[in-house]
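Shared chain: chain A. Partners: chain B in the first complex, chain C in the second.
This part shows the complex of A and B:
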């Protein structure tokens, strides 16, 4: 069993090849819609999933690896989105330049949050970050000339290569997939290197980590800077993909949804946040709304997603990504007490189908 | 001076709303060791029940009673069906469960009550009087005294009654309390019911000023969370006092400093305060064992 597990793990984590294949498969979607196999609206839904998976990946570094709570992700995502929209639309900057500026500003603010995290911990830190996100959101509402206030801010599809190539929606979607793969590879390298080990140690015990010479100051700031950087990147991609940003998007609910993506998908994994984003964000649009009769009821998709989230956390606290290893674990245990485990295994396989859809 | 006094009284009405919502969060946090992110939508659900009954011609006081019964039922269902079965789930996991709960309620409300925003009337429809040059409606006075009254009643219950003793011992250490024969399951059941009732009442106070929609309690919930941090999670009274402070400071800053930036300034002040006193106003630092 060990060998198999290693093999499966090696396949899922197998360096960059797996990620690139995954990104290439996702990039095939526009071809499928052009051929008429899938609806064009799929591009919007899957594109949104990719964007949220990038943001969730950033939070994963913070929440999963470093063990630092943050409920301010939405605020930083919104900040990145508005800065980029303002720079490209009002100032006529190139998309790449606006991307870099947005990320740099958000990372600098993330460093400030990192400083706060040295003093404030756990729940208090979570709500302080919520406080910061609320400050941003109120500012988005009030700062009309830059953010467009309640009416929202318009943006257009990015023109890459410094104004050389104006993308359409399908090309923008492929760009998202490429960026996601790059971020996956970067994250993989990051968490398997020195920084990742330092973050792991810090999560386990700050005192032990410090005793081994890990600077809390350096790595906490780094964790927050990274996660806000990912959030800003997600925000920039969001505003240029959906071409609109409203202040009502960047609320506590969005931050909580991103936390849910990390926990449900499986924290401390590379594919986990993507799976989480699929379950939390796109499952309603992709599957539930298409079921006849039930799908037409207003609000039913919310209920099913909510129930699914509750069930996943109750029965698979390690996340959907660890599904198979957990089933095997249970199956191994159940050889001793076989009858009790049978119904459990059945519900597991039932839920697996849902999760994969 | 009259304006100041008027603002002050208004703040107490807002404070009553925040205070009840905060108390709902803190009572669940202390007994279940989880932050209930669904507190806002639970209150919204209760407010919807009240408003729905009211729109069908039920007198307002009876409608509120119906709302309270529905809130208690919701609290029981949540504790019985979900929270009780998550003993093995980690803290963060439980909070995600309340997030799932939030989505379920957000989906249920339009199915049960329709998508049109509803309108709730005041308990005392009209009439106002003047004190020290400040004009205040009878309904606001009712809200102020109701908010303070409920809070005092609950504190009295927690401090003096046998149930309160059970709550306090569960809050201090659930395992030990259970070993000592405290019916902790009953305590958490009670806590959830009380939390939903408090949320619903605070929802019913907010509702007349706006229309009842899905977003009714969003801003109240954020304020309640911040009040929990400002007051410190370790006591029952700290967050409630902090809720009143936030309400007063917010109104004053919005009026005297800037109506646009008042709230942001207040949040920044709170953040700075927390950085210097990381456990809140009334919290005690717990010493971590290495």
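This part shows the complex of A and C:
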């Protein structure tokens, strides 16, 4: 009995519990829209944020932990989306089956791409992955029978339990939240274990990593393939949530946005990519476009996003997620200012959380 | 390439090792052997090629010629030439770096656990889902890392980030990390560089303790002559990549060739000292050299 209680107590204190609470709070959004508190369009915006946060989480493993630059994320995301749309719409596959098969195909392809491209590092890797993503995008445009070409490919909301339950948009949104929480937990496990440490070591010093028995190639390939898997998952979720995929979605812009999400939100953290997705993807729709006058100017939100990226990189290289801890650190250094600054930071963080929901 | 043969009590043999970078002969036909449970020092003036020898042993460099023969942790004698850099540790040979290479974003204990990388058997899926197998392994290795940190006398700092630690602590962490793979031979690259006198004494104790308790052989490159002379069983002196002498600290100190290569400059200056007044710069230089003696 006692042991069970201890276990329960440990669970409530663990990170897992935090992720689950976070997911549960996000899942309340459809209730708020039904009650008329928030607009229904919010579901689409926050749902998109969740999807991008999953993709960004994958890139976080690659870019944040392993230190590998990849600009091909959009290509693999699109690939996952088209494969799943084709399998469910044209072949009549169950959603679960198409989800798994899409991810497996993308990961295998990611392994092949990694085998070729991971012999180079840094900018060169970025350029190779960019080229591969462009090849994918061109293929999406031309491969009419499967991708629908320029006209786009239609898909429908997932029917889960192998055809047992057809979801509507709100239910699909909750499914997204659940999958995000699962991915958060899995990522947490991964980066706090042997593989996570190996990726850290590789980023820090390749020679020290090798001396400790870490095969650079193996772990780079693993990080690359994993991020491909996350991107494919994001793509599958995307196509069944927005029910459409256009070739013009899977461009360099999207890849760069995902890089921005990781950097701005805070690389090497679990919540960072979500925060980054909020700032890069949904801040324009949620906040900036609602500000009178400024919001009506076309394209202003892009400028604001760009300026934000520059500011974060210059002043908060650890990302927005570390914003408050950094402020607290600074406040702690100047002792006189500390009592005043800490409560202020806390109330602000409270506001930020509200904005997330 | 000569045959991979070792006498019963030998653990590592450098056999006619040469490493050329273009026209520069960083290591030139160097040979020496290290016996089991020995603390073996490799010394030489700056640029003598000591670190190059280390890099050739650990296969960071591919030697131009010669052989490196090692008795691995299974007791088999094999040549290390051609073994992949990341497989060297699996043979029971582990090293530290001249400029401590830790991961600043991780805690000390996590850094030490990196040293047990090769001991993990759990696969990707098992680690993803934190299955009982992966959990058990992680726990066992964490405990082992705690022991290694405690052994180095910094067990109470285990949860602190490596980034903010003073140099002396980081050096200890790096040594603790080498202990994680149950090594047969530990190679220390200038372990005393940057340490103060107390820390250096502590280090000497620790090196002996490691040899005795972890039952391994230690090869070290060091500039601090007091440390080398006090803890090494045998020393090999090299200069410009060439073998000078090999023997006990007393033999090395008495060796005329070594004196000429290593201390000659100082003796010449001492003679000069008798004749004329020294400039302040020379005095500082002398102090530095004096410390090494």
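Convention: the second predicted complex is superposed on the first by the 313 of 357 C-alpha atoms of A that agree within 3 Å, B and C clash if a C-alpha of one lies under 4 Å from a C-alpha of the other, contacts with A are read in each partner's own complex, and residues count from 1 in each chain.
In this text, contacts are C-beta pairs under 8 Å (C-beta built on N, C-alpha and C of every residue); 3 or more make two chains touch, one makes a residue touch a chain.
Just so you know, these numbers come straight off a predicted model, no measurement behind them.
Peer 1: Mind checking chain B and chain C on superposed chain A, clash or fit?
Peer 2: Because the two structures are overlaid on the shared chain, the partners are seen to fit without clashing.
Peer 1: With the two structures laid over each other on chain A, which partner does A:309 touch: chain B (first), chain C (second), both, or neither?
Peer 2: In the superposed model, A:309 contacts chain B only, not chain C.
Peer 1: Taking the superposition on A as described, I'd like to know which of chain B and chain C A:32 touches: first, second, both or neither.
Peer 2: A:32: touches no partner chain.
Peer 1: Quick one: classify A:263 as touching chain B (first), chain C (second), both or neither.
Peer 2: The answer is first: A:263 touches chain B but not chain C.
Peer 1: Please work out whether A:104 is in contact with chain B alone, chain C alone, both, or neither, and reply first, second, both or neither.
Peer 2: Neither partner.
Peer 1: Is A:193 touching anything from chain B or chain C once the two structures are fitted on A? First, second, both or neither.
Peer 2: A:193 contacts chain C only, not chain B.
Peer 1: Look at A:120 in the shared chain and tell me whether it touches chain B only, chain C only, both, or neither; answer first, second, both or neither.
Peer 2: In the superposition, A:120 contacts chain B only.
Peer 1: After the superposition on A, what does A:21 contact: first (chain B), second (chain C), both or neither?
Peer 2: Touch partners of A:21: none, neither chain B nor chain C.
Peer 1: Going by the contact rule set out at the top, does A:207 touch chain B (first), chain C (second), both, or neither?
Peer 2: both
Peer 1: Is A:151 touching the first partner chain B, the second partner chain C, both, or neither of them?
Peer 2: Neither partner.
Peer 1: Given the superposition on chain A, which partner contacts more residues in chain A: chain B or chain C?
Peer 2: Ranking chain B and chain C by residues of chain A touched puts B first.
Peer 1: Can you give the closest approach of chain B to chain C, taken over C-alpha atoms and in whole Å, for the superposition?
Peer 2: 9 Å.
Peer 1: Once the two structures are fitted together, what part of chain A is touched by chain B and by chain C alike?
Peer 2: Of chain A, residues 205, 207-208 contact chain B in one complex and chain C in the other.
Peer 1: Can you check the complex and tell me which residues of chain C touch chain A?
Peer 2: Of all residues in chain C, those touching chain A are 58, 60, 84-90, 94-95, 97, 101-106, 110, 113-115, 117-118, 120, 122, 124, 127-130, 134, 137-138, 177, 181.
Peer 1: Would you mind writing out the residues of chain A in touch with chain B in their complex?
Peer 2: Against chain B, chain A makes touches at 63, 69, 116, 119-121, 123-124, 126-128, 130-132, 134-135, 138-139, 142, 205, 207-208, 251-253, 256-257, 259-260, 263-264, 297-310, 313-314, 317.
Peer 1: Show me the residue ranges of chain A that touch chain C in the complex, using the header's touch definition.
Peer 2: 186, 189-190, 193-195, 197-198, 200-201, 203-205, 207-216, 222, 268
Peer 1: Applying the document's contact rule, which stretches of chain B touch chain A when the two form their complex?
Peer 2: Residue positions touching the partner: 35, 37, 82, 85-86, 88-90, 92-97, 99-111, 115, 218, 221-222, 225-226, 228-229, 233, 260-261, 263-264, 267-268, 270-271, 274-276, 278-280, 288, 290.
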